[in-house]
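What follows is a short report on a single structure.
As written, the chains take the letters A, B and C, and residue 1 is the first residue of each chain.
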Amino acid sequence: MGAFLMSADTTTPLSAGEIVGAYRRRTARRVLLVLLAALALCTTILIDIITGPADLSFLRTLHVIVDPSVATVKEEVIIWDLRMPVALMAVVVGAMLGVAGAEMQTILNNPLADPFTLGLSSAASFGAALAIVLGFSVIPNVGGLLVTVNAFVLSLFASLALFAFTRLRGVTPEAMILVGIAMLFTFNALLAFLQYGASELQLAQLIFWQLGSLARATWAKVGICVVVLLIVLPYFLSRSWALTALRMGEDKAAALGVNVSLLRLMVLAGVSLLSAVAVSFVGAIAFVGLVGPHIARIIVGEDQRGFLPLSALAGALILSGTSIASKAITPGIVYPIGMITSLIGIPFFVSLILSQRKRHWQ
Amino acid sequence: MTLSAQGLRFAYDQRMILNDTGFEALQPGQLTALIGPNASGKSTLFRVIAGLLKPTAGAVHLGDLDLATLSTRARLKRVCFMPQFFAANASLTVFDVVMMARKNLAGWKVSAADMDAVGEALHSAGIGHLSEAYISELSGGQAQMVSVAQALIRQADVYLFDEPTSALDLHHQLDVLSRISETIRARGAIGIVALHDLNLAARFADHLILLRQGQVLAQGRPQEVLHRPEIAATYGVDIHITKGPKEDLVVHAYTS
Amino acid sequence: MTFMKNVSGFAGAIAATAITIAAAPNAHAEALTLTDIAGREVTLPEMPDKIILGEGRMMYSIAAITDGNPFEKIVGWKDDLILYDPDAFRKFEAAFPEDAARMINFGNPYAGDFSIEAVLEAEADLVLLDVGNLFKAEETGLIEKLDKAGVSVVFIDFRRNATENTVPSLLTLGRVLGEEEGALEFVDFYMAEMRRVTNVIDQIPAEEHPLVVIENAAGWQPDFCCWSFGPYNYGRFVELAGGKNYGSTLANAYSVDVSLEGIIEADPDHIIGTGANWAEAKPEVTATLLGYEGDPAVNAEKIKALASRSGFDELRAVKEGNYHSIYHQFYNSPYHFIAVQQIAKWLYPDDFADLDPQDTFDRMHAKFMPYENSGQFWLSVGTAGN
């Protein structure tokens, strides 16, 4: 946002009332933008539900949703078992990734952080590969949930390693980033090793997993994701001021009474849970957690009370839009989601940066 | 309630930073200047008083209360510490950060009273025109003034300012120090300001503490302390003190 | 006088021919030049007798064209046969226990590089590779390096363009193994059996072709739908059998990932999933375990489960009993004419009332294979077996 960068003696002083007025206007604008984002999200969800190779009109679709009893069996399967879980999964996972990315960037003081730059998704991919290629299950007797459970457990394990190492070396952003990068490379190497030994079908399965897919969404999975989000997000919101304070520097935050180390660890725990669950269900979709928060930051700044909800909404929007796009390319063919998130997210992100330079947001 | 400290010791990496440091009771409504060369332990002393660092020995008392008996959070509610450096690369506006200081981590909603308080604080500090600027866009001096505003908007018993004027031009140095002084007096709080400039110290402080290598070498009223040989010895200069037109002390320093 | 001259001339000619024929066994010492399926002209200095198979499953074709022990000239392979078709491997093992045991394992065929050292250690003179490995082999300089060491590389293909490349690949194999007769015999059999289907299909107009969805490796990933084929491999088999391949309508690619919703919307007439005995390598698969050791009772349960998957159970094709399962490994072998025959029988039961793919398969084994047919290679939901 632009600023009057003149020194004190060349400007007419604003009265206290005018100052407050400017803040109120900005706050109102922030609230409005968040609401607009929420509205946009409702729109994309709706479009997502009515998009697909099957030829169902908009009104008919709404009718079936509102009154399931009128649906033919085919419509019921398509709308309730196939389209709705996918549309909702996109939203929930997008929100989870957006929130995880936002807080990762906050506690690491690094705009390039997202849960995946710290190796959490590589660990999950490696867990999936263990299941796919070796049939090795970290937790026995999970049957068909093998890949999901492995990915989840390995992702949490990576988080634990992050925890442990940083407690040894001090809970600083530098330590976390270094350990995270070390893990990223380690798990990627192990993953490559497994790919070496995979058959054609296994490789296909692995690649599809690594690029992410919403196609396996079920109501149960959506439910689990919602529960996890409802546990973690309110906690983050309750620490809004403390997290905002972190962005002022450790000293300032500590001076306000923030236990910086503890806060970082707690947030890391929340981020780990969000990413592990998200990744284990949809595979590795990295871009969303990086760009969602950036978009939110450019629009409403870093006051966590607005930044966090908008990061969630931005993430959800990106993934929801991606879901629509992936169905629109060639009806009937399923594309890995990760491929398309980049294509959607980057141009939007770039245009936002460019528009920011030109306009004065005062 | 007075602020006093006795026998504080603090070491870092096997280096003794505070060595049996202590000072006599500082009176409420009075501003104390903490002077001394670089790396004499001023910042460390502030952190120990605020409770951000735990001394290996000694205590800090607010009246009869040993501050160590308070939780960190409770202590920091009573001791407002303004650190020397201010990380400034966030997408937060000046109003945002001063509001954050005002809210002091409590409560979600920002009330009208909160907004008015912040508006007032920015206005009286003369930085109202910067209220909607991002802190990442501020100059060093402007950021420092915001930092001071953040400290002053909080209601505390003790205010610790670590070099609050180092990046400011002359006008603003005087402006900031007078505001600190007035606020301390008005609230009946205890204020300690770490300063490099002996003239500013002489002019604004009611009380002076000279700290060198973690030890208090002299403390007392400026006109007494400034004449002490420890001052000249610490700074390696010859000192002459005269009186200015408003009966304020003026310090003249000469290297030999 | 002239008569004697003619006789002596004739005798001379016969003598000359006899000498030439007698010299024929030395043909092994002559260079062998051929063009492989990758279009490369390869010259083998002499008939190879230590061959490495880039894929163990090349044995399907080698066994079919070889008169005698198919392992005779083979020194090693990659172990995909053991991993992905253990039933077939055990058939070979039972027939040729020592040879099966002495096969040197050259590791994984789909990733990683061929170890040139291992090849030289085995003193091989020929490496047979699937054309899918061509890019990698060129990129890593494998062919050059082997060439320098005096080891030839020949490419064959039974997978990518299965139907077009099977005959040339069989002929190439015949030439490098010295089994040209056997190869030609099998090619005759292949063509005759394929024609039994295509001759009939040629008469049926395209508009009447039923819509067929091929599900590649149904049940490999329990909660996933679906991998399919474009107009290649099984997709092509469907087309030759007179079906309209759903995958071909979406993309002209070897492999196409299709959504369940698209399938539901397309309302296919038949759905065919492929299955094989993957349970040994991957216990959690829900695929039909087809192959030489296929158990009809077990597979009847499995195919019912596959057809009952959410979304599938409501499809018209499933309700009409047109959900089928067929042996996956036909996708990489010259026996795919069996698949084409069985698919044709499913699609046009009346037109092919006289066609008996089981009998064809039995005859093929009797005539060409070193072991007997057994097990189960296809089934439909609602039927007890073949």
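Observations on the model:
Just so it is clear, contacts are C-beta pairs under 8 Å (C-beta built on N, C-alpha and C of every residue); 3 or more make two chains touch, one makes a residue touch a chain.
Bear in mind that the values here come from a model prediction, so they are computed numbers and not experimental data.
Looking at contacts between chains, the pair that accounts for the most C-beta pairs is A-B. Distances between chain centres, each the mean of the C-alpha atoms, put C farthest from chain B.
For the pair chain B and chain C, the distance between mean C-alpha positions equals 84 Å. If you average the Cα atoms of chain A and of chain C, the two centres end up 46 Å apart. The set of chain B residues that touch two or more partner chains is empty.
Within chain C, not a single residue touches two or more of the remaining chains. Residues 1-6, 8-9, 11, 13-20, 22-24, 26-27, 109, 237, 240-242, 244-245, 247-252, 254-259, 297-298, 301-303, 305, 362 of chain A are the ones that touch chain B when the two sit in their complex. Residue ranges on chain B touching chain A, taken from their complex, read 50, 52, 72-73, 76-77, 80-83, 85-88, 90-93, 95-97, 99-101, 103-106, 108, 110, 115-116, 118-120, 122-123, 126-134, 137-139, 147, 150, 171-172.
Partner chain C is touched in their complex by these residues of chain A: 52-55, 73-74, 77-78, 81-83, 135, 143-144, 146, 195-201, 203-205, 208, 215-216, 218, 327, 330-335.
The residues of chain C lying in touch with chain A in their complex are 80, 83-84, 108, 110-112, 217, 220-225, 227, 249-251, 255-266, 281-284, 286, 310-311, 314.
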